[in-house]
Structures are given as structure tokens and as C-alpha cells.
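Heads up, the next two complexes both have chain A, just with different partners, chain B and then chain C.
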Partner chain A sequence: MQPLDVIKEKIREALPGLDCVIGWQRGFDPLHATPLFMRKPEDVDRLIWGPLNIYNTATYLSGFRGKKVGVVVKGCDSRSVVQLIQEKLVKREDVVIFGLPCAGVVDLTKVGRNVTDLGRVSAVDHSGETLKLTTPEGEKSLAWDDVWADKCLSCQYHNAIISDHFAGEPIAPVLGGRDPAAEEIAALEAMAPADLLAYWAEAMKRCIRCYACRNSCPMCVCRDFCIAQTRDPHWQSQEDSVKEKLMFQMIHATHLAGRCTECGECQRACPVDIPILALRRKANQVIKELFDYQAGVDPQAVPPLFTFKVEEDNINERGW
Partner chain B sequence: MEAAKFLSDAALRPWLDELATKHALVVPRREGDAIVFAPYDPAKPLDLSRDATIPPKNPVFPACEELMRYSYAKNPENPAQAGLTLEPLVPMGSTVVFGGRPCGARGFTIFDRVYLTQRIRDPYYGARRESTAYVTLACSDTGNTCFCHWVGSSPSDTTGSDVLLTPVAGGYVAEAVTEKGSDLLKSTHMADAGGREKEALAAKSKALEALEAAPDLGPAPKSLLAVFDDQDFWVDMSAKCISCGACTYLCPTCYCFNITDEVRGLDGSRLRTWDNCMSHQYTMEASGHNPRPTKAHRLKNRVGHKFSYYPDIHGGVIACCGCGRCIKSCPVGVDIREIVLASIERATAKPQE
Partner chain C sequence: MPVLAGKELRIVGFLCNWCSYGGADTAGVGRFTQPTDLRIVRVPCSGRIDPLFIVKTLLGGADGVLVSGCHPRDCHYASGNFYARRRLEVLKGMLPIMGIDPGRFEYTWVSASEGQRWQHVVTTFTEQIHALGASPVKAVLGAYPGAAPSKGGDSAAA
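And then the complex of A and B:
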């Protein structure tokens, strides 16, 4: 039996005790998958596994508080589940985790750079050495390394970090792979402050303030009560200026420092493709240096905001 | 209307340069990996390769517009008394929007029935609508999320446009749709169509024929009312929705707005901004009561408004132009077509009372 079939069987067995199990199914065209909420045994037939399962299923977990649900996870999704549990936002006993080894997912923005229109791909074959697309301009064969999401190129967590059911042969992490995220941050840090501000102002200009970045984030749990939208306190105005747009990115990045599991959903969800993940990654780098903590990789670790030390090891508070 | 013209590929930029001297000109341009409508810059390339990520509605209905400015002046003799100065801001100048697609231009004809009526005329929208002209590019191909023909339109629909350009060999056949449009075509950069109209007509039919047969949405208004109280159906349909505003802000036909006063000290401005019916704050009442407390209620309202409530009071016109932006730009792939069809199916399957 294929690992996916094993997992499907496990889901069917678990369904009677669960509100639903969250996974992926084919979406509106062959290139787009879409989240699947399995409630009935026949829904499980539609579950798919592969490089088009880009969505982080953990994003929905906090919306099911108080209910028992199942979630099918990639390794990176499981980091979000772990972090949610560590922060007591989800109870471990309320979630059944189904895992499969993940070789990576595609970044549709990168795929889009190789075709005229992502919306005109009529067939996809992701079973071979390359990603094959049928487009109006003909067959396209794209090298996997050119279309993997950045997080996949340096992935250390191909397999669910915690799971109740895992099927398939775990994939070992590749060490010393390219780390485009680190390269991006290094390039940004090399800029003079004025240039850096100009870079972000230019990038944020096209932001439509839809908050897809916030709402797709598994760790953004304030949901309907975000301080970006309250009138009292009035942190953000309704103006659509670059200043307001960037201010929200700062709010988001700060609230995610040391909590962000770098799933990349914020950037992936952005309808105008603003490369905003770098802001969260930078905040995470600082937390790693100061508190030696990385979100969602160790269920036993205590998040920095959940503990208190009179003298922090890496913060010089008195020696000025 | 006068005869069609021909705009050669070589004459396109000179014509745009000319338009830019008389009007604020807005064109589709690549910014990062997105295509947005931005002020024309002769030094920057256009991107007409596909429909823009952002719809062309901003010039007539900006994401944020300042309606008026005001300031208070305290009376030093009686500090409890304050004088108020008001400065209304009326949109000025003319704008030409080049390179949108028929669906995008058709979008704001949906607004006209609401903002420009016998009874009520929105002065801001009215002023912008009158002073904005749309030069639209007919579609030669259609994508996986295109469904303009489901909602009574087509890849060469002229509704809402002032000029329609149809791609032919070596350039475009340009047809004026309105008086405003014929004025724009009075240019030395325009040649006689010289018999190319036939080629344009063939291109238009080819694009239309390439579309798969459209399902009948006739029963949609009644079906959506029939499933109105079917909460299970809406919970199911909205399960994957993350309640962001991508669908509404990218929608050429969404016209809901919010009005807020942004005050700094004694000065303030009144802003009108796009509202978003997928947000928890939408129609939230001052008492704290929320008539649409869950995303299931909110998605029901979005789909119902476009495919049932609006058609009911506007002679059957569907408040959707079928551009597919809400589908392809949805972070999780919510498909409005699927929801409308599912509601028809669900309503039919329901035992009649």
C-alpha cells in the first residue's frame, strides 16, 4: 500500500471521533491544489499528497478551538502545530496529526516567472525529474531547484516533528544546501538605511491592505481582533499610504518574533507578491541569537515569552 | 459612430505619449511579480501579457479618497467654543485608463446603478466617472478562471469601455464605443482600419468559441435565497476561507466603502476607503452586535449579493464580471463559481415545501 493510502485509511478510522480532518485536494485547475476539510469517509478519497500541497493546514487549527480535529501535515506545517501547542493555543489531545514525508512544495510565483500566465496551464506532471507544464506556448519543463519554495531548498524538517500517524520512509535533511532566505536577508542588510527604506516603500506601494498575509499566518491568532483594525486604540489609520502599510508589516513581524515557523504563508498568500517573509525571518534571527530559540522545532522547549530570567544569558542589561 | 481605426504596434507608444500630455494616463505595468495599474512613464515598459493582478477600478473608485478636510479653531475668549472650517475636495482633471480587459471595464457599470441614480448621485464617483475614459484590450485567449460568458459578458464586451482595441497582425483595430472614445481616436497616430475589421471580428469570435459552454445561472437568485438558512451548507462552503480581503479588493464590481475621520489634533480629514465584507468589522454595529458573526455568514453575503440580491433589484444583472481575480488570487483557492453552482444544486435537491 502507498503511504498516502495508509494515511487515508487512518483518517477514515479516526473520522468518527473528529469534527473534520484538514488536508488538500485538487483545486480549480491542475496547478492549484486547495485545502480540503474531510468530514465524511467519501471526502477522504479526494485527499492528495505532493508538491502542490502548498497551504499550511495548521492555519485553520486555532479556528477549531474546543473541538477535536485532525490535520495532515508537511514537516513545516508540523512546526506550526508544535508552536501552537507550546503556546497553549491548541491542546495536544484535541488534534490528531497525520504525517507523510515531504520532498518539497512549489512556489507558484517562481513557476509564474516561466510562463506567460499561471492561469492558462492546462496540465501538470510532477512525477518526474522536472516539473512539466502544458501551456498555450507549448510544453514547459522546469528544473525542480528553480521552482521549489525557498524554505524547501534548505529544509531540515521534511517529516512531521510530532505525529500520531506517519506513513512512508522519512526523508533525511540535506545539509549545506542553498539557503536563499539567508542570501536575501544578507542582501537587505548590506543596504544603507535610506536605500533599505526606499526598497520597502517601493515594495509596499502595491500592497492593497487585504491582510491575506495576516490571515494566512498560522500563528496570527487574534483573528477578528487585530490591533491594525481597531479604532481605539488607533494604531493604524485608514489611509492607504506606504507608511501605514509598512507599519502593519512591522506590527506583524514584531508579534511573530520567535513565534514564526517560517512556513512562508504570508508571502505566498500576498496577491501582489510582496516579499515580506524576510521581515519575519530577520526577527527570528535576532531571537535565535538572543534566546537560542527556534519556533516549533522542539515540543519540549519553552518559548522565550513563556519564561523569565533575572539575567538573560545573551543580553547585557547592566554592563553599559 | 465613425469607422474603426488601426493602431500599429509602432504607433502605440507615440499615441500613449500624446494621451499623457492631455490626461492623467494609467497603464498596466509590472511591479515585482504583479501587474498593477500605475501612472504612465515613457521610460518604463507596459505589460499587456495577461490581465492585470489589480483591477482598473481605482481611477473611478479609489482604494482611499479624501472627501474633505476640516480644522477646529478655538475661540480664545471662550475656550469651550470652537469654530470649524470645512474644505470639500472634489476630484479634478481627466484620466485615461489604458490596457484593462473588458471584464474590468464592465465592472463599474455595476456601481452606476447604485451611485448614479435618479434619486441619489454620489458626487465624487460621478465626477470621476465622467472624467475617466477606458481604452480596453479585447482578450484573444481566456484562462482557467475566466467566466465572463457565465455572467452575460464576453472577451470583447464593450460595456463600460470608451475604446475597444482588438489585437490583429501588426497592431490593434480601435473602435470607439462612446463620444469620449471617438475623441481619443482623433489622433495622427491612428490609421484607417483598411479592411482589418474582418480580422478583428474573427479574433473576437475565436476567443468566444474557445470558452467552454456556460452553465445556466438563471436559477441562482432563487437558489441562493432557498439555501439562505442552510448554515451547514455555508459552513462547508466557507471552511477554507481565511477571511482576508483579497477577493473584495481585487474585485472590479465590489463597491462597498467605509467612511472614517482621521484626526490629528485640531485638524482632520474624512476618508472613504474600500470596505471588505469578508472582514469581521464589516457592518459591525456600534452596540457590538454583529449581524454576520462568522465567515460562513459573510461569504454567504458576498455570493448572495452578487448573484441574488443585486440581480433582484437591478433587472437581473449579475454583480460579477467574471474576471476570476477572486479565484486566482485567493490565498486558498475559494472558487465563487463552485459556490454558485453548489447552491443551485443544493436548492434543487431540497424537498419543496
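And then the complex of A and C:
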């Protein structure tokens, strides 16, 4: 039996005790998977697994607070679940985790660079050595290394960190692989501060303040109380200026410091492709250096900004 | 035209009510000479300071931000400055990626009796900001459409 069929069987068994189980299904075309909320046994048949399962299923968990739900996770999604449990935003006993080993997901922006129109791809075959697409111009074959999402190239967590049901052979992480995200941060930091600010201003000019980055973030749980939209306190005006847009990105990044599991949903969801994940990755780098902590890998760990030490190990109090 | 126009930069200080604000007062009562670039915002505790206060201040065009609270172990509320220390240190690490020189932001501890130390802190930080010069934020961000016309509070140099 295929691992996916094993998981489907487990979901059918667990479904009577759960409000729903969150997973993925084929979307409006073969290239796009959409979230699937399985409530009836026949819904389970639509569950799919593969490199098109891009969305982070953990994003929906905090919306089901107080209900018992199941969630099918990739390794990175499970980090978000663990972080939510760490922060007591969901209860461990309220969530049933179904895990499968994940080899990686594709970045549709990268795929889009190779085809004229993503919406006109009529068939996708992701079972072979390459990603095969059928487009109006004919068959296209893309090398996996060119289409994996950046996070997958340096992924250390292919398998669910915690799970109630796991099917399939766990995939070992590749060590010493390329880390495009770290390269991106290094390149940005090599710029002079004023040039870097100008770079962000130029990028933020495209921002339409749709808040897709926030809405897709599994850790953004404030919902209607987000300080970007409250009038009291009035952190942000409605001005269409790069200052307000950059300020919102800093709000998101600082609120995620020590919490971000780097699932990359913010950048993936951005309709104008602003490379905003770098801000969150940098915050995580700082947290790692200062507190030797990584978000979402240990359900028992206390996030570093929720606590303190009287004598900090790595904070150098600069003398005056 | 004010005599200091063009010579003064705009530095915003967030000071804890229980120690640094008193320390600054002590320095004033003792008539210690201090640079005049600093504008002080009094807060109840350094733990009250959201790192976003500092981000917003810097994006608003301030040339520097200084945070000062009670020495660790001396917090009026027992642990506010321990949390502040972690948050502010993380923020300092994050400033370079957004294109702001981390030298424009510093945090330190000054108690209410340390008037002389306050004088030293203000003088050192002001020198540091003058060495960095005026903040490029307003010029860079102001070049894009949508920014509201200035509502005052500009640095004296502008």
C-alpha cells in the first residue's frame, strides 16, 4: 500500500472524532493544489500528496481553536504546528497530526519563468526525474533543482517533527547543500545601509497592502486585532507610502522574531513577489546567534522572547 | 533662524521613569554640560518599549534613538529590563537588513543617581550620531509618491 493510502485510511478512522482534517486537493488546474477540509469519508479520496502541496496547512489551525481537528503536514508545516503548541495557541490534545515524508515543494514563480502562461498548463507529471508539464507550446521538462522552493534546497526537516500517524520512509536531510536564502541575506547586507534602504523602498513601491503575507502566515493569530489595522493604537496610517509599507513589514518581522518557522508562505503569497522572507530569516539568524534557538522544533522549549536570563550568555552589554 | 540650525541632529530618547529619566534630571540639576540634540520620551519601564517604537522613530526620520533603563537586577518592576534587553538586542541585529545603520540605535542602563554617567552617555551617543551624519531615511523614502507632507518635527537641519 502506498504511504498516501495508509494515511487516507488513518484519516478515515480518525474522522468521526474530529471536526475536520486539513490537507490538499487538486485545484482549479493541474498545477495548483488548494486546501482541502475533509469532513466526510468521501472527501478523503480527494487528498493528494506531492510537490504541489505548497500551502502550509498549519495556517488554518488557529482558526479552529477549541475544536478537535486533524492536519496533514509536510516537515515544515509540522514546525509551525509545534510552534503553535509551544505558544499554547493550539492544544496538543486538540490536534491529530498526519505526517508523510516530503521531498520538497515546487516554487510556482520559478516554474512560471519557464512557461509563458502558468494558467494554461494542461497536465503535470511529477513522478519522474524531471517535472514534466504539458503546455500549449508542447511538452516541457524542468530539472527539479531549478523548480524546488528555496526553503527545500536547504531543508533539514523533511519529516513531521511530531506526528500521531506517519506513513512512508523518512527522508534524511541533505547536509551542506546550497542555502540560497542565506546567500540572499549576505548579498543584502553587503550593501551600504542607504542603498539597502533604497532597495527596500523600490521593492515596497510594488506593495498593494493586501496583507496576504500576514493572512497566509501560520504564526499571525491576532486576526481582527492586528495592529496594522487598528485605529487605537494607530500604528499605521492608510497612506500609500513606502514608509508605511516598510513599517508593516517590520511589524510582521519583529512580531515573528523567535517564532517564524520559515515556511515561506508570506513571500509565496505575495502577489507582486516582494522578497520579504529575508527580513524574517534575518530575525531568525539573530535569534539563533543570541539564544541558540530555532522555532518549532521542540514542543517543550520556551520561545526566547517569552523569557530571560539574569546573566545572558551572548548579549554583550556595550560599555559606555 | 535658530543659532543651532544645521548643527543639531534629531535624537529621540526613550527613558525609564524610575531611573534614567531621574538620572537625566540629576545631570540637569547638577548643571552638567550636555549636547542638546536629544529629545526625551518618558516611559514607565524599559520593558514598556516595543521595538517597533524605535523602528517607527527611525523610519520617521530620526537620526538616532537612545533607550535607557534601570540596570539589570534594579528594575522597579523586577524583570522589565531583562525582557527589554532581549528584545532590544534582537532589534539591533535586525536593523542592518532593513537598511538602517545599527549605530543609530543604542541601549544602555543609567540609574537615577548617575548624573555624570548620563552626561557621558548622551555625549558619547551624540558624537556617534554626528559621526554617522543625518539619516538618509527621509531623503530615500521621501523620493517615492504617497508620503504625507511633513507635519513638523523635522530635524533642525532640514
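Just so it is clear, the second predicted complex is superposed on the first by the 316 of 320 C-alpha atoms of A that agree within 3 Å, B and C clash if a C-alpha of one lies under 4 Å from a C-alpha of the other, contacts with A are read in each partner's own complex, and residues count from 1 in each chain.
Note that in this section a contact is a pair of C-beta atoms (placed from the backbone, for glycine too) under 8 Å apart; a residue touches a chain by one contact, two chains touch by 3 or more.
Just so you know, these numbers come straight off a predicted model, no measurement behind them.
By the touch criterion stated above, A:W235 is placed in contact with chain C alone, chain B being left untouched.
By the touch criterion stated above, A:I185 is placed in contact with chain C alone, chain B being left untouched.
By the touch criterion defined above, A:P193 reaches chain C but does not reach chain B. By the touch criterion defined above, A:P303 lies against neither chain B nor chain C after alignment on the C-alpha atoms of chain A.
Residue contacts after overlaying the shared chain place A:S216 against chain B, while chain C stays out of touching range. In the superposition on chain A, contact of A:P3 is made with neither chain B nor chain C. In the overlay built on the shared chain, the residue A:M250 is in contact with chain C alone; chain B does not reach it.
Contacts of A:V272 after superposition on the shared chain: chain B is touched, whereas chain C is not. Of the two partner chains, chain B is the only one touched by A:D117; chain C is not. Shared contact residues on chain A (touching chain B in one structure, chain C in the other): 205, 237, 239-240. Within the complex formed with chain B, the chain A residues making contact are 20, 27-29, 32-35, 37, 39, 55, 59-60, 109, 112-113, 116-122, 136, 203, 205-206, 208-212, 214-216, 223-225, 229, 231, 237-240, 265, 268-269, 271-275.
By the touch rule above, chain C contacts chain A in their complex via residues 51-52, 55-56, 59-60, 72-73, 79, 82-83, 85-87, 89-91, 93-94, 96-101, 106, 108-109, 117, 120-121, 124, 136-137, 140-141, 143-148. Those residues of chain B whose C-beta lies close enough to touch chain A in the complex are 31-34, 36, 49-50, 53-54, 63-64, 141, 143-146, 236, 239-240, 242-246, 248-250, 258, 260, 262, 271, 273, 276, 279-281, 324, 327-329, 331-335, 338. Chain A makes touch with chain C in their complex at residues 185, 188-189, 191, 193-201, 205, 235, 237, 239-244, 246-247, 250-251, 253-254, 257-258, 278-279, 282-283, 285-287, 289-291, 304-305, 308-310, 312, 315, 317-318, 320.
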